[in-house]
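Below you'll find the structures, each written out as structure tokens.
You will see two complexes here that share subunit A, one where it goes with subunit B and one where it goes with subunit C.
Entry: the complex of A and B
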């Protein structure tokens, strides 16, 4: 597509900075600070970080609805500021929440309206809307007004809207907020399909299990800065290279006995009755498991560190406080 | 029946030809935390809105703190705290202004500054709501729900948009309130949240209660599933199976897990969607 014949990345962000003015003598706020990111076609890329980290700010700049203060952002080689008009049709955008849908129109009307905006003809728009409503489980409610939808139903419609223009690049900002567990799982299948079709997905989520299940790579962002960009499977090694055992319903005395076993490095309490056993050599996990199961503990797993643990490790233990 | 904070019998609510709540029975004891689970459109928010005196009902008997919410007066309302699913829009006010303003509605409010700190917004107290991120705004909603020091707290998906640390801190906050005797009615789609907070869980689908009870009552845990890379087996003698596997693999069994049926399994069974995996 480009002169060199190499396809441009789906998303390429370099030195991206956005400063919000504080107003009336208050300090300015740097929501994005020299942020870098590359997402390739066919990649599902997770954007993870605490409330106020700058995730939505980045998604908005990529969606051409917010201007950067400095730095560049490109979608399939096109600059989101200079080429905004050509970028928009390439993108599918899903923001969590209530905005962006026409409350007085039905679900079907909303989708047909957006299909027309993306240049689909009447017949094609109808077919596409029907197909997508089916895909998000809203066919039976197609002719109900959006204002009568529950929160999760609206979120499903958001998702359908994001896909209407057959986009090469999807920006999904907390797409599963408010979805029930079954639809959140169906969402995972949907993202797998999008990836298989060679589309690129930038996904922000606070659900670490969701990110772990879906993402080829994740970028951790905090205070507008990139902390780390990695394959989630590699990230676990940051914390531990040996097997660990997790269990719940473990009495104190049993935990003490486990701590005595050979190859057990540490037994950590992770909650009421819950422990995490770290080992420091191969093969040490099995005796731990045997002891737990023999004692009647039935909720046990050996597992590499979860993405949630990696998150806590990287973002640090600052409690609930939001960085100012 | 003085220990009932909420007692509902045969509650009904329809919007036009859509039945949102159909013949729903529910009890919440004083001091209890009850979590309501259910699919999108099951009727959770409708129920919460009726019980918290925000929406009239079509039929059924309802007593909330001994009174009928349909006849709620200001004094009754001041005993409730509400975190709705749809957020308010006082976007031009600062965090501090909004929380102070709401505290003014209640006879014995908690200290607004303390509440702001508890939801992790101390550094943002002087910012306008418009300038907050999505998760920060949701934290304001939670602050408004608890600032009145309510006897009964309604939380409709309170932690949507919360980052993982904020969610854990929120759990601490709610546990502390529950320990002081606050009754909590919580809806959530996060099953771990329900397990972490609730004394009892009610599962609702199509406007009806499918089951209610403690996690232990809802989850059938006789059979244990042992899974490893390459297979899985459901058994009531997991020790023997693990020993066998360990011998077969000569030590480390890759990806070994031993799990009792989870709340998720029970949830899927109750709403009529058995896990396909």
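Entry: the complex of A and C
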């Protein structure tokens, strides 16, 4: 795989653009727009963005299901267009939700089916399926039909299915969507194990806590463009100068006076008498705190922004609107 | 790629599909009742005409055509991968999708052979067709050959149904009706103009059905085997067309994005 002795990135995307034809009389849709991304081996990389941002389009191109309009995408140094056949065995794909499994087959049959498609013979396929079922805690249910499984069990089977070819790169497309907290926690532990084994994981998610807990880096994507790519903690620090002050029992007049202070970007009402003050410059939180304390407010706290706040800040106020 | 392993696992997947389509009860008291009624209905036309020869012609045509009818369901079952959400995973798998899609619906061959054979054997005495054990066994083998070769036609329709999903029911229906009309099921092929007769020869079902008729009429083995040979030869053409069409579907889907994650 390496010619120079240096391992190629697990995923390397450069100037990747995908335009979908709009059809008769309709405008074309640019799902990805000169997108750049690098994922190193052993990295869990989060891809965050609203619906229609281009996350799934990127995953489809990387998994060789879709061709890009322009730009390049490489998996472990192999081009996903020119070397698609060599890329496929290196990749594992895991969906979230109910789809992607043969519901009427047992868990073991599902895995043996995919083992065959990843080049394993009968004996090797059986062994691999058994090993993976054990790993994801489904050995006892190996002979049960998938249609009888809970959401969490299906998701663990999805992960086992994605691992069947022993891939070095895994694409997890919203894997914990709809899962209960306990199942999601167990699933995240499995992803941690994958990282420990040196596998690269590209994880698309809406779940900020998941991204913060799991990812070494996160990329924010919107409108097919990369907005920011950072360590989740660095992203938080980026906005730390936009310090937040929370307080309760704040009269209306006091809130109005705080809003007029220099460096205060916004004062949001978060409940009866509760406010969230956002500042936009270093040191701006101090006069806010002073004013609150002098007014007799005792329930006051400052906090760094959460990843969700970073997300909202970067994506803007588009809310649930999906780009056309 | 380990093609044998892929085919073995695909066959197993097909078996689970078959078990979800039919239970022994709904097969016997649902599907087979419908099949027998259909064959009785067409055979009765001959009885009403008061023509024993015509009655036997209609009986054999209607019974054997059950195998053709069932194998055309391949067209629908080929698209089941899309509804189970596994199509994109097949497209991204090292073995690709063509072999799996080509083999996944094999169970229609088995069920079509059984349904048609039961219909012929059960109704033959009712409509005056003298069917000995040897003739019955020969007929079953030839019905199997008809189902097997017509599978390629169903697969071809299935590949088009994947590509043009909104028209998924159209391809199989038009093809089935075309075969019903021109392949000698109810009307002898000789009834039609020469051009249509040649057109009918393109379908394995026309040859398979002719082979059954020849065998039951006591024709020599050479004539019967010649028709079986033609059935396989035309099936090879349909299979090549289906493979090409599946490959085209995959290539086109990569270009247009018509396979979504979760499809």
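Annotations for the structure displayed:
In this text, the second predicted complex is superposed on the first by the 247 of 324 C-alpha atoms of A that agree within 3 Å, B and C clash if a C-alpha of one lies under 4 Å from a C-alpha of the other, contacts with A are read in each partner's own complex, and residues count from 1 in each chain.
Keep in mind that, in the parts below, contacts are C-beta pairs under 8 Å (C-beta built on N, C-alpha and C of every residue); 3 or more make two chains touch, one makes a residue touch a chain.
It should be emphasised that the depicted structure is a prediction, and the values quoted were computed from it without experimental measurement.
Legend: residue contacts after superposition of the two complexes on their common chain; A:40 is shown touching neither subunit B nor subunit C. Once the two complexes are overlaid on the shared chain, A:243 sits against subunit B while remaining clear of subunit C.
In the superposition on chain A, contact of A:120 is made with subunit C only, not with subunit B. Ranked by how many residues of subunit A each touches, subunit B and subunit C are led by B. Looking at the shared chain after the overlay, A:65 reaches subunit C, while subunit B stays out of its contact range.
Applying the stated contact rule after C-alpha superposition, one finds that A:153 touches subunit B and leaves subunit C untouched. In the superposed model, A:177 makes contact with subunit B only, not with subunit C. By the touch criterion defined above, A:56 reaches both subunit B and subunit C.
Of the two partner chains, subunit B is the only one touched by A:293; subunit C is not. Looking at the shared chain after the overlay, A:20 reaches both subunit B and subunit C. Touched by subunit B in one complex and by subunit C in the other are residues 20, 56, 97-98 of subunit A.
Within the complex formed with subunit C, the subunit A residues making contact are 18, 20-21, 56-57, 59-60, 63-67, 85, 88-89, 91, 93, 95, 97-105, 109, 112-122, 125, 161, 165, 173. The touching residues of subunit B, when paired with subunit A in their complex, are 15-16, 18, 38-41, 45, 85-86, 118-124, 126, 131-136, 139, 157, 160-167, 169-170, 189, 191, 221, 224, 238-239, 242-243, 246, 251-253, 255-260, 264, 267-268, 271, 273. Against subunit A, the residues of subunit C that register as touching in their complex are 1-2, 5-6, 8-10, 12-13, 16-17, 19-20, 84-86, 88-95, 100, 253-257, 259-262.
Across the complex, subunit B is touched by residues 20, 26, 29, 49-53, 55-56, 96-98, 144, 148-153, 155-156, 174, 177-184, 206, 208, 243, 282-283, 285-286, 289-290, 292-294, 297-303, 308, 311-312, 315, 317-324 of subunit A.
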